[in-house]
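You will see two complexes here that share chain A, one where it goes with chain B and one where it goes with chain C.
For the complex of A and B:
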């Protein structure tokens, strides 16, 4: 039985993010156990072995709460990354793992696990865009809708953007990929959008990579990719 | 001041030209005024009564009711009922209220207002009343999330202070927390045994003050209900206007105010429309209208045609019904209504967002924020989806547990009518994204036409 920890779904499921974990579970219901951890509990990854940790997008206020919750476990998170535990981090939760977040005059210290920082632009229009990019030999799609961007070298990026932008408007490097730690600004049900990556995660956990409604999700992926290639600037 | 008058005259001239061309509702003159004079909204004279109605859902219906009431009394009212609920629409609305010398010539302005720019626009307009229907999940692209919208609306009240009376929904744990430093009154509802479905994605789950889980004595729909925090004193505020009994079937409710009960008619059998009527009553009472007059007026009212129309052919009712798609709280609430409205029905989904030109391919997120699971109901016989999202819609419907034989997904929307049944159903609902009203009516008419053609063969 593989354990997937869904962190703080009451705070981090604002754009349907929890469906990422639900979809994995429904693809392999007999071999996946989902542990839902709320923000008042100690995360399961602190006490026991888990195979995957998922953290989704959240609001700016909740993002700061989550940083404080996770700070005591920074070393444990590093240890799990070193041990090849899968982390999937989507939306603005990626910023939690950087050095700090700037919000006008405020500087919010983050976990500092990876060397970058983020900056919020709450008074400007929300940035919305989509992207197509490559992760190894997989073509991935993503959509971002955000008030903030991240800045740094991003030498270990998750996705090399072909069309669209990366962690900020000046880079084609999107997200972070170190061992089995994957983070991307793309929000919502990233694995529904990218079924081949969902397959990769199942395989990495040592499970059969057959997906729930596989025929339908792959058809939707191919159609969408074709459409996005045609329409994205 | 010269700049203002140039803006006023230029935009009035533009308005006159548009009127001659039959484009009276085009808000470009308002945009022109705003571009020439950025503080146009501040400088323009206001009518004696300015009412702003905002919130995620219900503002069109509520503002239409308020406008209709004032017009029925012989008031000269300017109302932006054409959906222009941003700066340009406000500028046009208020421009109509003044002479070329900036003297007020209308009795009232009713401003249906988008929340996103409320602080700047209403900060300049300084309305007498702001009614907030609710704050729920809306389109992520524009509105981000409810906390962000709450901050904008709250900032508006901070700017306005005592100049403006806030009329708030006591049952909304989000918007009831607005305007702590302003004059405010609340409207609320008792436990009407609404038996609401549980939403997958919550608009608010934890107490905004202490972080404990919000609990409910009862819920009405989505996060609306009699809420409290078990740890701190966060709870439903006391309502001045309290719907103590709501009879959806017979379409009436009893509202208690200062210990006295009044029976008011409702405009539909949906819980969310009861709230719209209740909020309208609260506002009309605050501006001094008599209870009996309001009750009498409501007898003649119905849901605005922007949201709902119906034609009947051979015993089957064919509806267009606004669902808003990427405004996921509205879409989920309508899906819940589809399940609870007991008729056997086919449901057509025309929910592609066409207006957002910067995003030719829609995001998937709203499909997984919206409770498609609610459509898995025995009285919904078939779900027919058209448009470029058809494959993603099919996947979402399957994941929601809807049997495959009930799902028809076609790329070309023109193919939809041929899949709509006539046997074993009482109603057909065409649920549409509100920017596509004409398209929805055309689709509904095509479905009816197809039925008529079958009969003539």
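For the complex of A and C:
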């Protein structure tokens, strides 16, 4: 039985994020156990072995609450990354793992696990865009809708952007990929948008990579990819 | 200089009004766009009615405004409004342009303005409502509105300090807006359909805004709408000044009490959104000093605008146009919940695609996984036709919601969808369309009627 920890679904489900874990579970219900961790509880990954940790997009205020919750477990998170535990981090939760977040005059210290920082632009219009990019031989798509961007070298990026932007408007490097730690600014049900990556995660966990409603999800993916290739500048 | 620029802007806008009338293009924002282009702080300078009522929030703004305008009209009062235009700064400008003569003198004593919550920073510095009604604050389009807490923050920063708020007290996000402003709350005491825990995918108010403790709901109506208490710090939903109770969807009535006196009012529609809309309008008219009996009488003379929800009969079938704003998961969930609870056999056409998005990218599908498609997994929903650019995404989402293939039909083009109707005797056919597809939705309804006629002729 593989254990997937869904961190703080009451805080981190603002664009359908929880469906990422739901979809993996539905793809292999007999071999996946989902542990939902409330923000007032100690995360399961602290106490026991888990095979995957998921953290989704959240509001700015809740992002700061989560940083404070996770700070005591920073070393444990590093240890789990070193041990090849899968982490999937989507939306602005990627910023939690950087050095700090700037919000006008405020500097919010983050976990500092990876060497980059983020900056919020709450007074400006929200940035909306989409991207097509490559992760190894997979073509991935992403939706971004955000108030902030991240800055750094991003040598270990998750996705090399073909069309669209990366962690900020000046880079084509998107997200973070170290061992089995995957983080992306793309929000929402990333695994439903990208079924081939969902397959990869199932394989990495040592499970059959057959997806729930595989025919339908691959057809929807191919349609969107064709549509996006045709329309995106 | 600014006065001169304003005058030029006003005259140019007035000229454009005339041009639009000649070319039969009424109801656009163009005059406001022209005025703001020439004079960016046009709203500061234009003379406004003495009394302004604003209506904002995520869902129900248009319905509440239309009801209120119709009730004023039934009472012989004409109020300046923006119900033919938009609710952003250019729409508000257009309404105010229509309210002044060419010398800039305002011809109205009162205005009722629908105000887009996201546009607050462009409007509230210059337009200061006496009363601002906030119907609710829920998740909307991700791309435009971000999340409801962000909108709450904007409104808190922008609402004029002197504005009195009239807020849905059953909405803990809305009720926390602009805490230093004077306010009254409206809410519904209890309903037969209340539950103890949220069953929706969206619940944006799970933690206490004061201490971040987990909120406990005594009852939930939908999503975060209900009554909550924080067991850790004692924070709770506010006491309401206007209290709805004994909601009866058979007699289509609701009691509303204020100041210890209760009165029974007519409901205009049995959906929960529209029950709240009636409560909001009654509360507003009470705040304006209307007697309860007078409000009852006025409510008898109004209806909900047909573009949002309309029913018609054709060849023994009921065809229902059901607005479901594109990329608004909460609105879709409410519409799904409402339709699935209506009696009788049903077929649905889902076509609330954001057609504008498909011109420059692929519509963001996140909202599909926030919306409760599970409500559509009901015995008496016999066939769901998914169509338009997002048809394959709808198909997958409905399968994940538990619907079997035999209840799902994929049709690529919207206008061809009616041909796949199965037409069960006496059924209702619901067409779910979005703000982007109002006209297309009407054409689909026409095609449904043709299909009904053709198949009737063949039998």
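Rule of thumb we're sticking to: the second predicted complex is superposed on the first by the 233 of 233 C-alpha atoms of A that agree within 3 Å, B and C clash if a C-alpha of one lies under 4 Å from a C-alpha of the other, contacts with A are read in each partner's own complex, and residues count from 1 in each chain.
FYI, a contact is a pair of C-beta atoms (placed from the backbone, for glycine too) under 8 Å apart; a residue touches a chain by one contact, two chains touch by 3 or more.
Model, not experiment: these values are computed from the prediction.
After superposition on chain A, the partners chain B and chain C are seen to clash.
In the overlay built on the shared chain, the residue A:40 is in contact with chain B and with chain C. By the touch criterion stated above, A:212 is placed in contact with chain B and with chain C alike. Once the two complexes are laid over each other on the shared chain, residue contacts for A:228 go to chain B and to chain C alike. In the overlay built on the shared chain, the residue A:147 is in contact with chain B and with chain C. Annotation: chain A residues 10-11, 13-16, 18-19, 23, 26, 38-40, 59-62, 65, 122, 126, 128-130, 143, 145, 147, 187-189, 192-193, 212-213, 216-217, 219-220, 223-224, 227-228, 231-232 touch chain B in one complex and chain C in the other.
Contact residues of chain A toward chain B in the complex are 10-11, 13-16, 18-19, 23, 26, 38-40, 59-62, 65, 122, 126, 128-130, 143, 145, 147, 187-189, 192-193, 212-213, 216-217, 219-220, 223-224, 227-228, 231-232.
Here chain C touches chain A in the complex through residues 139, 142-144, 146-147, 149-150, 201, 203-204, 206-207, 212-214, 329, 358-362, 364-370, 389, 392-393, 395-396, 399-400, going by the rule given at the top. The residues of chain A lying in touch with chain C in their complex are 10-11, 13-16, 18-19, 23, 26, 38-40, 59-62, 65, 122, 126, 128-130, 141, 143, 145, 147, 187-189, 192-193, 212-213, 216-217, 219-220, 223-224, 227-228, 231-233.
Against chain A, the residues of chain B that register as touching in their complex are 137, 140-142, 144-145, 147-148, 200-202, 205-206, 211-213, 358-361, 363-369, 388, 391-392, 394-395, 398-399.
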